[in-house]
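The following pair of complexes shares a single chain, chain A, combined with chain B in the former and chain C in the latter.
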Partner chain A sequence: MNSDIFVWPFNLGLYFILIYSVVRSTIWFRNLSRADKLRLQRGFFGMPFMQSIREIFMESLLHRRIFKKNPVLGYMHMSLAFGWFLLIVFGTIEADFFGERHLNPPSHAIFFRWFNPEHGASGLAAIYGHWMDFLLIFILSGLLLAVVKRFIPGMMGMKKTTRHTWSDRIALISLWLIFPSRLLAESFTCGAHGNGGFLTGNLGAALASFLPAADIAPYFWWLYSLSLGTFFFLLPVTRYFHIPVELLLIFMRNSGITTADRWSAYTEVQTHACSSCGICISVCQMSRAAGINDMQSVYFVKGLRNERDIAAITANCLMCGRCDEVCPVGIELGPLRLIERRQGEREVTKLKFFDRYGLMRRREHIEREPTQSYSYLTPEEEKPADVLFFAGCMTHLTPSVIAAMKKIMDSAGVRYRFMDEQGGVCCGRPLMLAGRDREARELINHNSDIIWKSGAKTLVTSCPICYKVFRESYYLEAEVMHHSEFINLLIEEGSLRPGYLHRRVVYHDPCDLGRGSGIYDEPRAVISYVAELQPVPEERSMSLCCGGSLGNLTLSSGKRSLIAADAARILTQSDPDEVITSCPLCKKTFAKATETRVSDIAELVAAALPKPVRKTRGRASLAAVKTVADG
Partner chain B sequence: MKEKRKHVIVAGGGVAGMEAAGSLAEMGIRVTLVEKGEDPGGHLLQWHALFPGRRPAEEVRKYLRKRIAHENINVITRTTVEKVRHHGHEIIADLSGGTEERADALIVATGFDLFDAHRKEEYGYGIYDNVITSADLEEMFNGKRVVRADGSVPSRIGFIHCVGSRDEKVNNNHCSKVCCVTAVKQAIEVRKLLPESEVFCFYMDMRMFGPYYEELYRESQEVHNVNYMRGKVSEASVNINNRLVIKVEDTLAGRPLKMELDLMVLMVGMEMSKPGARLAEASGLNTGINRFLESADQHYGTNRSGVAGIFYAGTCTAPMNITDTISHSRSAVEETVRYLGGR
Partner chain C sequence: MSEQKANRFGFAINRSRAINYDTSDRKVREYVTMREPSFRLCFACGGCTATCTAGQHASFNLRRMNTYIRRGEIDSLREEVARCMLCGKCLLVCPRGVNTRNVVATTAEALRKLDRNEL
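On to the complex of A and B.
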């Protein structure tokens, strides 16, 4: 009766997952670039290691970020992760302290009560038993919430919960079974021996009063071991693999490894670190406004991990970056999607099980030929300028913004050259968003050539899309400024003196300017200077996408309209006189989604300028340009 | 016992509403014609001449005015029908003034709104001086003077087709049907008024669907030297001489080109009218993805709403020309009378 065979499912599972994790980590480490290997080695003996320990404690165990988002959801994650962690730690201490010998195998700690049924009747051991019971009830409370969440996601502030694969479901059931089976196993054993803490003792006594506890107990010990073993065996092919992988990810990130622009061991670690929590579904506007619930980052990462065909998911994303902001694991979801877009098609339909889930996976892509050549672009002649104004294609579709910028720069006496007045070449970012970097590079080179030849110190653009690519993918001497930054500078240095308009306005952060480039304060400073700026519900880093995004390659205009209408509704909740944005695309998109007037920040400032336009303030602004260039 | 005289409300006093009211009145039915403007007449009030024969619009206006000058017709102006309700067999229309009107049936003839050209900001309507709409040009024809904002005579005029029609970006996938032939008509008129000028039409397709439209199109090329270029204008700007510069792709020649214009005419399309949309929303009438009213059957029931006692006439169901509007309106009357008789 007192046979120990039942521990073997647990033992096998545990050794399997330990060996698997070590082998997997080793392969990932080997696949890192030389530089990244060095970063990791240096990190191990320096601060990054300590930072990682702290972060692992705060995030992987306590789940601080999820707590901030929703306390109940945070408690659920914390009780399961931190509770289980404590149970293992204190279980090991218990086995070491109260067991027959020191340094027991793990199974002796996990199944301590089975091996020491008479333990804990009195004294310190009894008090310790209460503590262990408390930890168990802590976990069980989280488990209860998890079950509730699965069926009623709304209770935890989640709009939607993730759809899972069959392996995830089996792993989920085994995970759910672990703690109730432990509770019952311990209770029956305690019931049979008349001991135990406040939970297992009382429950055991109650059960033993009408059941043959000693005979039933082994079944539950078997169930406990089997659920643990199943869970461990399935771990590598399920979302729960994120538990060990997240630790590695935190350490890698703290050591300074970054996503870069191609697949690497680091991106693979990121895809395995996703817990499929589904928080990205809840914040995704395609879900909340347009009813699209199968294209979100969680499905993208899952498809990537399991080598599924995700071409449709890869293309169908606004690239607004809201999911990046809220991902509790900190996976760089936008950059990952861009990498996948860059790779082009791949053959994934006929993969065998081990190609999908094995250790030595290879991402084979069909090499893509450049679809377009811009060889017809001829180099332009040299035209010197101090300040270059680049409107961009989108701004050319909103001529009122161009007119406003001309008025502002003339009023401030800026000596500028309008780089693309008679039509210019695209900045290259739409191509990059489509994953066509090679083609984009041709455009970038063409524009760079013009900018370098002009000798300009400042490049001002009215389009956040251009702004981001000028800053990140061009090699320029000129300082790149978005027009909101430039207007702010002109006001600060005193060369532009707009009046005050008695208008209540709200500001919409464009994705590429706010989340994409971190410009939040300058536009607000400018607006507050000329009008009354009111707050909106979701702003700054959680600002909404207008729906017009160039990042989405497949979304229908009908769905885009739904997203635009929803975002416009939230923006105009306070019934402002005007919605201000600083992106021509946002302006165009919102203009047809709301009855409220939508203007660019430049139009607002231009409207606040004194009527007779003063044209002779050249010197002041040249000084401004100098300080910009020097600073 | 003498049967009570039937009463029908006609919502909208444009071409469809006036024709419907006239036909009903002729049959001895009492009509209340509800018009939102100062006078009945609708969009036709602004029009100078009509395609394909370029007859004066006044001739059709005169016909319609005569049509509603009937003792059975009561015209209420500056009013809209906001909602239609049923009370047994009776129809109750809530009017914008807060009053209500009771009747046996109601014909929706709320017509269309012209697409607001400000919504295609890239064409610069309201931003550049010399960008006008086809309706603005018609007003100029009324004054017999086609000039630029500064009073000068334009030497090159461009007509931009499909502004607000067949354009996913403004949520209008539908074709407004009449703008192509309107452009042909207006191009000829401009050429006749300004014989020295050059006229270009930028089109996606030339949809000459009615009798003598194709002939008019041919005439415009052979007699009046109107130039047609297949390609959609992407954007417009103004150069230092205050001339408009448009970017367009000549899709027949397969090359992008830029052209300077003195005057640009936007051929604005048709959209469901705002009062019509409000009425549909409030009364639970079905609308299609093009936002026009959706008839009970596309082929043999375009006047039927699917709701007892409510019928549709004219462009509240789809873009159509005056000829088709009048026919559609008469068939709406036929449906209405059959409904009233069957009760």
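On to the complex of A and C.
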């Protein structure tokens, strides 16, 4: 019956992409570890399934996370995804309900108007036609926004849009052509037959008034089918492959599969789930403050996917984690970059065509020899302590923080031992950030040995960088606390009683303490106790990086100061008396970038401590008592 | 008499320590300068060495490493560079804004490439 030859580009494309997606997913599933396979199977037949369905509806169709960031941008994504979804669903219902038989092939629903030109003249079918027209105009409004966004990104809160590869561009053009060509094809057909909804009917009538509508219509049906077919054929090699892969990713994530510390099928699914939306570009401080626009996570993931040389991109990142926070797909961008750094250099040999575009990819890396060796470190002798204080390398550059911590702990009567008073050994995180985990392990073992031998119950550190690695990569019995947590504890239990300083202060969340370790409330509780804490524009999970980050190996000092100046400007917008942070590295970096005084939270609390009763006065009063007694 | 004993009396002839800049191995220097141009800014003040975490435990000296790179003394450089902990304190004290961590990382990379004859 109804099978015009023009449906074939669409049919071939559709069947190709369906088969490709199934094969690809099967291969990914096969490459999962045994435990992950079990997780996914259990996730599929349990509660996580409902969660995934909900997430797919909220994120993949409605794009809730993008809505939160910018309503217009969210609407654009929603209208394209949700609108297209509804068009397919209601198109299928229409073909099923009004067509001459049930269970039609997909092409019948997509080209319904062509096959049933007389349909929808009156009654329920006409009302349904209006509804289908409404869906089409819903998508077209989103498409209009997408076109505008490409040329004026600022309108939707985007600083820049992503630079795309040629295949992405062709796919983009074919995607853009799909809906206008459908509109014109339907309009011409409706115009020729004098029916249609409020959009296609009126437009069709207008066009038919001066054009031979019946003759022109087939061309647009061809265009519609061709653009759909091209889009489907290009899907696997373009960013639009995220549409099917994102569904798989959501199922995997909800089943409890996590990014481990090496490449796996799951990380590959993550790289393919990136939609290259470019939201990570606008939040990246290297883009907005230092004018570096080619190393953001979107380009990292794209390079990873297309097997490009991305050594420079991999190294050039502050690892502040802001892009992780905003990624609408929820790709773990920071951990992926760390894995790539850990892998080291890539094989220089060129990939063969099959390796690059084939279904199976092998990521070859040169086996990495450790470059560093710390055999010179000698084990320290046993020194027992209840509380160990580890200042960390960076804190040794800010002696005022150490002095303040000493004052606080003395005032609270804490019996502590200063672990690295004579200059300790690095915690190992800077090495890990540079991708040298094996070498870092040597330092971790050295420090762990000291901590275990001391028998300490609590390990307090003043540096968020050390704090994160102590918590995540050390195996310790002692409870690890950042000094802001520790001070908060001391205040809460009543052993530390600072006064109130009449200062207006703002708080800067260090990356490794806030986003990295989730410590937001304790420092704020401490500051609110001793001073007036003012809010800042971008705080908590979206706090700014100071620019001094050790995560970036290659960023020049000039660019770093640009980032620091920009962050400091935003922090000091309300003209506070003092900027408070809880990281010695942030303190050092900001001190150079702003006129406002920058202090550590420990310094603030130490300043609020009551002055100890002076001994001379005590002696004088004693003398007074004595004279009175004598008298 | 061994060379060492003779040296004590100051009359033995020391082994030649002449560095011939024309024939020295410049590969590592060029690689590092190309990858990390701020390396040229170093004026050997020694601030990095004074603050160094690794330097408190072993004889690690970024300023000396710098000299080795310039002279092309690869073997000494190899020993020196392996001791760095990449903690980044030197980065903060450097008055010239040299990206010291990357100098160390790039040097290690250059030496690895040198071993594979890729430099």
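The criterion applied here is as follows: the second predicted complex is superposed on the first by the 604 of 631 C-alpha atoms of A that agree within 3 Å, B and C clash if a C-alpha of one lies under 4 Å from a C-alpha of the other, contacts with A are read in each partner's own complex, and residues count from 1 in each chain.
By definition in this document, a contact is a pair of C-beta atoms (placed from the backbone, for glycine too) under 8 Å apart; a residue touches a chain by one contact, two chains touch by 3 or more.
Values in this document were obtained by computation on a predicted structure and should not be read as measured data.
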item: Clash-or-fit label for the pair chain B, chain C on chain A; value: clash
item: Which of chain B and chain C A:S557 touches, first, second, both or neither; value: both
item: Dominant contact partner of chain A by residue count, chain C or chain B; value: C
item: Partner chain in contact with A:R436 - chain B first, chain C second, else both or neither; value: second
item: Chain B versus chain C as contact partner of A:H396, first or second or both or neither; value: both
item: Contacts of A:G423 with chain B and chain C, given as first, second, both or neither; value: both
item: First (chain B), second (chain C), both or neither touched by A:A591; value: first
item: Which superposed partner A:Y376 touches (first chain B, second chain C, both, neither); value: second
item: Doubly contacted residues of chain A, that is, touched by chain B and again by chain C; value: 396-397, 422-423, 557-558, 588
item: Residues of chain B touching chain A in the complex; value: 119, 121-122, 124, 127-128, 168-171, 234-239, 245, 247, 258, 289
item: Complex contacts: residues of chain C adjacent to chain A; value: 36, 38, 51, 53-54, 56-58, 81-89, 92-94, 97-99, 101-102, 105, 108-109, 111-112, 118
item: Touching residues on chain A, where the partner in the complex is chain C; value: 345, 348, 369, 371-374, 376-378, 393-394, 396-397, 422-426, 430-431, 434, 436, 443, 548, 550, 553-558, 585, 588
item: Chain B-touching residues of chain A, taken from the complex the two chains share; value: 396-400, 402-403, 421-423, 557-558, 561, 588, 591-592
